[in-house]
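The structure follows.
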């Protein structure tokens, strides 16, 4: 057979086969012909405890309602999450509060509508290290997820309170999933990010908590739920439904440890692809390590963040609270919020069935 | 004035190449003039690097002369022409085609059956029967040159230009190729213009030998060889012709000493 | 013996060395070869192994395919027309060293988070080596072929189709083989964007999932094995008569 014939034949067969295979295995062709209005709103999240209300809402929604009203999209890191929102692929997203404010300063029409959680962050040091207090961090390397994260503001605040400045430590950015390994191999002296990566250091025996946020900055806020202004303008009902769902999930997670354990199971298996042991630890030891019930937006929290952000140089201070926040949805949700009518046992049964 | 017998006519041909430095151009050919009769076998000999290949390339239309005229069939040469095929010293054969596709390369406007007939005829003529489906990489150097000659002949040109076609072959193969070439030429009666550095080869093959001088080259001598073919390498006529040319080129008849 | 025996012996040596190194180091983060095999089995059992392999191959097929369709003709043209080469070559040499990873934010902005973004990145990674090697193929071609072809009256498109292209094909094919290796290498970077399938995605996700380094290495092993298969397939092409003359395999 000539080269030309062999090539044409192989290429045609291969391209057809691999494309058909891909469409069949990995795509959902029915969705291509859906109209925009019928499409579910896509929400971006990361596999972290701070965003737990997102998968919880989706799971309970599907189990009790049928098809689910939203499409949660998992991302691997902050940059991809942010870019998906910027390109309009996701219309709502969980995001770091300082990052949302910074985006607003750059002119992106983003509006924070609700909180994701309170507390839920820790600073870990090596188990055998001799760092016992903030002062012990002098001259050491500390990893934060992102310069726009509340964790870096937290460090800034803690250093201020201890009479030190940000120049007394070496701050580096690192993706949270890489932090446990970095602490283990002593590549860095301390790490801080949202859970469950901090708990992983503790559980695996090489990390020690230097402080939990609830000890330093009570009712600390970090991740928020933000929505694109166009979505608010075009589909306010959808946004309200979303916020209501998040609020109810928050109440559900505070309604009993059994519900938290159930959430740990189905979220780690279905959404986060992590070991459920980790999530269970974070949600229970201690039980108020992270909280989900007081998620209404409060101006003082944000002004404090904006102020700290300006001092540490990551924010310009050119936008006001009213510019980047829309209070209506949270206010309405606060009036009607109550835990989902969904038992923990039912959740475990539904998970088995999958 | 070109007469109808002079199929090739070269007059006052000069060729200069730009040198490494701007003010030092390289003069290769100087005042070259000669003519070739239809059906004649002409050999051009000369010392290495004297410009014989350059001359042949100009006549074949691959290079443009600096000044002077080259007339083929009464018309000036403007570029290569399928009626005048060039046989290269090496690698002229297309390696991605087998023998019969190579030989048939100039016959693509003919019908498939016609082409097959012609190709078969010329493959036989160069004694490559049985190798039609072979690829050049599977053949020896001598066999590849045969393919090229067959390819040249198959398209029925009026003139064949040969640029040291046997130069890359060993002595014995060269002798055999010369015999075959003469046989074929006698059958096909083409005009052949053959460049070689090998004086014996020239005397064995040619009707006329043109001796070129050193660079800048000009035609030093145009020597007719009036010997019948097949030529006897022992005969006095052959030796006399050979010696004449040796002397013309200032070469000694003794090796060593 | 030569084709299979020697490589298998080397592989066995390598695997033994790997196993010993992990055991002797005493740590439990890096997996042993057997743990990786179990990891692959786990992926196959969950049904994702085939899905991810097909997804990655799909994106490489289209990205690399587009790169051939654009790069080969472009390279041939640039090799043949000196003015075109002089005009475009500097731009090509500026774009070439920019790693596909640097293009990721642009890819998301232009193409969103579906298959088009990784296909674009793989296209970028492949098109430059393909263009450059096709260009070199024309420039390094033996001029005698063109002379002979002109002698037989061939011009322009016929000259290109019948002589220049076949003469350059061996070198073009070598360029394709190298570029395919690069394309397959870029798959991990390309799938770091929020597509939710593919071998590159598997590695990023396994890393995000905590201590699943066995899946990370399993992904690496699959990528390596498929890369080998791709290379073997292209080498097969080099045995065809139309191109075999161009490779000095004595």
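For reference, chains read A, B and C in written order, and residue numbers begin at 1 within each chain.
Quick note on the criterion: a contact is a pair of C-beta atoms (placed from the backbone, for glycine too) under 8 Å apart; a residue touches a chain by one contact, two chains touch by 3 or more.
Because the structure is a prediction, the values reported are computed rather than measured.
Viewed as a contact network, the protein chains form an open path, each link joining two chains that touch.
Chain C has its Cα centroid nearest to the centroid of all protein Cα atoms in the structure.
Rounded to a whole number, the gap between the C-alpha centres of chain B and chain C is 48 angstrom.
Separating the CA-averaged centres of chain A and chain C is a span of 35 Å. Chain A and chain B have centres, each the mean of its CA atoms, that are 82 Å apart. The set of chain C residues that touch two or more partner chains comprises 241-243.
The set of chain A residues that touch two or more partner chains is empty. Residue numbers of chain B whose C-beta contacts span two or more other chains: none are found. Within the complex formed with chain B, the chain C residues making contact are 142, 144-145, 147-148, 150-153, 163, 166-167, 169, 241-246. Across the interface of their complex, chain C is touched by residues 2-4, 6-7, 11, 14-15, 18-19, 21-22, 25-26, 47, 73-76, 79-81, 83-84, 86-89, 177-178, 180-181, 184, 196, 200, 204, 272-275, 278 of chain A. Those residues of chain B that touch chain C in the shared complex are 60, 62, 79-82, 84-86, 88, 90-92, 94-98, 105-106, 135-137, 155. Against chain A, the residues of chain C that register as touching in their complex are 29, 50-51, 54-55, 57-58, 61-62, 65, 105, 108-109, 112-113, 115, 192-194, 196-197, 204-205, 207-211, 237, 240-243.
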